[in-house]
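Look at the two complexes coming up: chain A is in both, with chain B in one and chain C in the other.
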Partner chain A sequence: MSEQSQDYTTGQHPDLPAPITSTGVIGWARINLFATIPNTILTVLAVLLLLWLIPPVIDWAFISADWSGQTRDDCTREGACWVFIKVWFRQLMYGRYPVDEIWRINLAYIIAVAAGILLFVPGLRGKPWIGLFLLAGFPIIAFYLFVGGSFGLPDVETPLWGGLFLTLVISGVGIVASLPIGIVLALGRRSKMPVVRSLCITFIELWRGVPLITVLFMASVMFPLFLPEGMNFDKLIRALLGVMFFSSAYMAEVVRGGLQALPKGQYEAAQALGLSYWKMMGLVILPQALKLVIPGIVNTFIGLFKDTVLVLIIGLFDFLGMVQLAGTNPDWLGFAIEGYVFAAFGFWIFCFGMSRYSQHLEKKLHTGH
Partner chain B sequence: MAVDQVAPAARPPFFYDPRVRAIFFQVLVLALVILGGAYLVNNTLANLARQGIASGFGFLDTTAGFGISMSLVEYSEESTYGRVFLVGFLNTILVSVVGVFFATVLGFLIGVARLSRNWVVSKMANAYIETLRNIPLLLQLFFWYFAVLRTLPSPRNSVELFGSFFLNNRGLTSPSPIPEAGFSTVVISFAVAIVAAFFVARWARKRQEATGQQFPRFWAGLGIIIGLPLLAAIVTGFPLSWSVPELRGFNFVNGMVLIPEFVALVVALSTYTAAFIAEIVRAGITSVSHGQTEAAFALGLRRSPTLRLVIIPQALRVIIPPLTSQYLNLTKNSSLAAAIAYPDIVLVFAGTVLMQTGQAVEIISITMATYLALSLLISGFMNWYNQKMALVER
Partner chain C sequence: MSMNPHGQESSASGSQMAISDEVAIQLNNVHKWYGQFHVLKDINLTVHRGERIVICGPSGSGKSTLIRCINRLEEHQKGQIIVDNIELTGDLKHIELVRREVGMLFQHFNLFPHLTVMENCTLAPIWVRKMPKADAEETAMKYLERVKIPEQAQKFPGQLSGGQQQRVAIARSLCMNPRVMLFDEPTSALDPEMIAEVLDVMVGLAESGMTMLCVTHEMGFARKVANRVIFMDGGEIIEQNDPEQFFNNPKSDRTKLFLSQILHH
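Up next is the complex of A and B:
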């Protein structure tokens, strides 16, 4: 007890504020940064590391970077040459898609984003219909917009597709196709019919056990052999088929996790109500099982989105492929880092956004205790 | 309730019988699969015949006629395609094993840092995880290979690390060990020491279970494993010398070189996978409820035995299954080697050999079967380990 407290009689001590060293910024820092001596050393080391890392990066990316110009001669300063990105921006986004037709891609983007925003509006009715439109109706519209050849739109060959646009097309097709196929495979794997079950297990384990590269290799060199003479698939369609098989196998395992997590009583209750197999699955089991595995589904989507860059190995020019192509252009040699940083930033935004959306959805759909 | 006059239920028609339906449905599926398969095989055979591509596995004995930049076994241009497969396979294994090791170490460190009570350290770990997890591995690989390692200085201006490692655009040059006469004695004594340590640990555990007396088995084991080979080395007069790299002319002589493709692949695979492992480790440790720590303290255990005997064994149970799938992912991701020309199985076998022979069906099948076997092997081993660690319930 200090002297101060002796000025008061017992029980009359006024409520003093907490000492300044345990509140506010100082208190926070004492608890979180300098709690013990090793902790203090750790903090100092970490701050030194940050000071060593961050200023040069900021200097390179912003302060001494070149922002304006048209050719590589405009990049005279020490830092990054963002002119490179500016000049190649259209190719990085749309590949070699004809300039006059780019509005078609943008229109599809606008439809998708508008529908996506509607999904976020709180309290709006008919959200399931919007979701259904995005999964079933939108792909059809997008197909006619991108491919053309009807409704007075000129034809655009798939070898002209590229950049971020191609990345979105491949991952979009993979996502939209993998969910229904994955659900069917998961149901098949849990079926009581031995033939169906073993076929589904073989299919799932085969694709899950091999890397996507070998699947894409297979798609590009073996699929043509499978087809009858004279019939041939587009390179893009072959890659899409490979991606679809691969991602639906992963999706099947995620959905199976949800099916297994449901208590047996749900199945028995549905059967007791006299529901047929498909009604039981569609009305009782799947809505609950899919809700349980939303994080897993979104993680699969994120993984698929990142994996689509592998198509550059079989010669499709997706976002990263376009960056590589631009970086090896003789007029623009030596700007690989700028290209990679830009591509990394683009991928990061999409993946980070998806993971945050899944966390939001998980919280919102949580109806438990 | 009067139940009079209810006609005995007529047998429903046979097509409503679930068993009949199941059989019919399965026969239908099987028939469709067989028909589809036969159609594809037929097409393939016709196509192969038309293009004049040989079939069968005879090509494995043909001379390959191309060089490979890195090989763990003897390989020359006169070697066969079968040898090429072996070289690629071993390179895949090598990069996976090294990658798994570094990814585990880095991942556990970052996972623990993420849980640190130090705000700066925990935020830095979080930033690392969120950045690396959300960027495609191939992009990171390109960054390390094309933007970092390929822009390193030439051998003459190498970056020197610890005096005897040299980093330059031809790779990482490091000293290489040269075994001399008597080295095998040291190796044998090392093996003997491991077996001995194993038996000491078993004896110590049995004694503790029987009598409750503790034995410092970790330190005893470490002492045996280090001490016995050291003794053997002293007796035989240190039969190992190092070939230290020296700069002569434009390049290094002596020592050994890790090719830049290998370095880039290991760095990219381990830093990327470490981000996932860190999250798994964090989830595992947070899954052990705080009551466990409090209970251990209440029993009078100190901090280190609490961690070692109470927290970690329970956390490991949660960590091991997802860790297995990360190891599997790393092994499969090592196939990205093809993009930066590291001579793994995909590049040299499914790439070069396929280009030379054109036997797509055989080569892709062998490659896929190899990965499938590797996956099954790793998951089998980890399942065994998981069963050993899992909670034994009544």
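Up next is the complex of A and C:
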């Protein structure tokens, strides 16, 4: 080595490639898997554990599983019987929504997915408008599509709604509504006006202090008692309002965390330039504060998405509710495991998607400070 | 200790811009408390248009608080502050009117990290002055050239050095075309080699006739550009004079002590 380094005159030393043992696959494995003796032992144990766990799962879910057939007689019971899911698929996805009207739901899905894909197209102009459409325009279109009763579409009552569709409606409304309401509550809680501040604190602490189950029970059982005779609110709307306020209270505290994390200097610089309160918040403070708390916001979204299964207790059959309903059908007793695995997989897809999207956003919005 | 800024001998640099009779800022018997703590005590100060004032004093003397009262980042409890013939009261309209005419520089620059340098400079002109975007960008480019960093326009503040960030902050303020500039220790957070580049821009600004109030410990800068140096201690203005007199012939003992501490170490 010392002979080699004399090949170069001082000050002219070129950049040499790093030694092979510190880069590439071998280097990575050496550093991460076999760096010390305990590390090596853990690596070996982990590999053994995976070898013990994964083959039976793959065997159950794929190799020995039954894929074709129409009735439970087609199930060999050696592995998972996905025939169960296949037979019940429409109910799991759409509940008791009339078969002839399911295209309305699918159309809304297609619009949402298409707009969502456009958001990912790099360099496309007008992305803020697409975002605005998804948050403001799409819910209106979806409302008319789902409910019907106008534009020549037959009425579909909400008790017929169910399955993954209902889960997406409840969580979608909760997510879209909770962020703006949460922001307003968070700003209100930091307001200098005592009345606004106390109102916001009361609202937040009240909703955050009760379990969602209680909120839903109150919405479905107690709330109607306070309504005048004959007046009836749709059960789904009551549940939606409950979920909305509940998640807004959580969101408010997440956003407040972001507002408090910003240095005071950002507020002062914006004020010193003559920006009014709303311009300061909208242009300077919130863009930074929300970016800071993306992990917290998505955390709340994911929690909300999974909490929607609680609507089962007030008689709404969401994705998990339909799985349970199908599992208790006399013709299909004994297929609960397949149902729950499928439900878990469905929830995981959505939650993982949200998680990946938030990481993508964080990376995109990083400005090197 | 009132003094007439006119007919005063020129400061060390000899570059004297005309100071008009017009009063830019007027403070009458201003008091301020933080809770029970009396930070500003009976401050009387008249700043004429085109004047360049350096405020110095030990830490905790209230000098930052004083200039922060002038654009109402801090609220005073007693007395009168009039900027550009607008009195600062609780009236939000008045406060916003004053703020758009008064630029301010901070110790920690306070650029908006989520916006590019160009967007930092055009934000207020577009949203407060309702300037068309193209015009705002043209103005911004002019001032970025003046602070000698036009090539950084598309970068984010986090990618710039401290000195560059502070120069962007100066450009950002100038884009609002302010009539008065306040500086709150603009070089205190900078490495020595960056202080010079910021001070150069500030000297240039002074030579263009900007009305400036500057809290700083850069006594070289004070000698070079100030018309008047104000010494504060314990929330009071102890002494004010032209730089020549202030540095060579300080009157009060506290001033002498302060000067000896910052000049001889």
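As a working rule, the second predicted complex is superposed on the first by the 319 of 369 C-alpha atoms of A that agree within 3 Å, B and C clash if a C-alpha of one lies under 4 Å from a C-alpha of the other, contacts with A are read in each partner's own complex, and residues count from 1 in each chain.
Quick note on the criterion: a contact is a pair of C-beta atoms (placed from the backbone, for glycine too) under 8 Å apart; a residue touches a chain by one contact, two chains touch by 3 or more.
If you're wondering where the values come from, they're calculated on a predicted model, not measured in any experiment.
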Just to be sure I read the superposition right, which of the two partners does A:16 touch: chain B = first, chain C = second, or both, or neither? neither
Touching A:284 in the superposition: chain B (first), chain C (second), both, neither? second
By the touch definition at the top of the document, which applies to A:274: first (chain B), second (chain C), both, or neither? second
Thinking of the overlay built on chain A, is A:121 touched by chain B (first), by chain C (second), by both, or by neither? neither
First, second, both or neither for A:42, with chain B first and chain C second: first
Classify the contacts of A:266 with the two partner chains as first (chain B alone), second (chain C alone), both, or neither. second
Scan A:211 for contacts with chain B and chain C and give back first, second, both or neither. first
Could you let me know whether more residues of chain A are touched by chain B or by chain C? B
Mind working out whether A:25 is in touch with chain B, chain C, both or neither, as first, second, both or neither? neither
If you look only at chain A, which of its residues touch chain C in the complex? 263, 265-266, 268-276, 279, 283-284, 287-288, 291, 365, 367-369
Can you list the chain B residues touching chain A in their complex? 22, 25-26, 29-30, 33, 40, 43-44, 46-48, 50, 116-121, 124, 130-131, 133-140, 142-143, 146-147, 332-333, 335-336, 338-339, 346, 350, 354, 360-361, 364, 367-368, 371-372, 375-376
For the complex, give me every residue of chain A touching chain B. 32-33, 35, 39, 42-43, 46-47, 49-50, 192-196, 199, 205-206, 208-214, 217-218, 221-222, 224-229, 302, 306-307, 309-310, 312-313, 320, 324, 327, 336-337, 340, 343-344, 347-348, 351-352, 355
Spell out the part of chain C that touches chain A in their complex, as residue ranges. 71, 73, 92, 96-97, 99-100, 102-104, 106, 108, 110-114, 123-124, 127-128, 156-159, 169, 172-173, 176
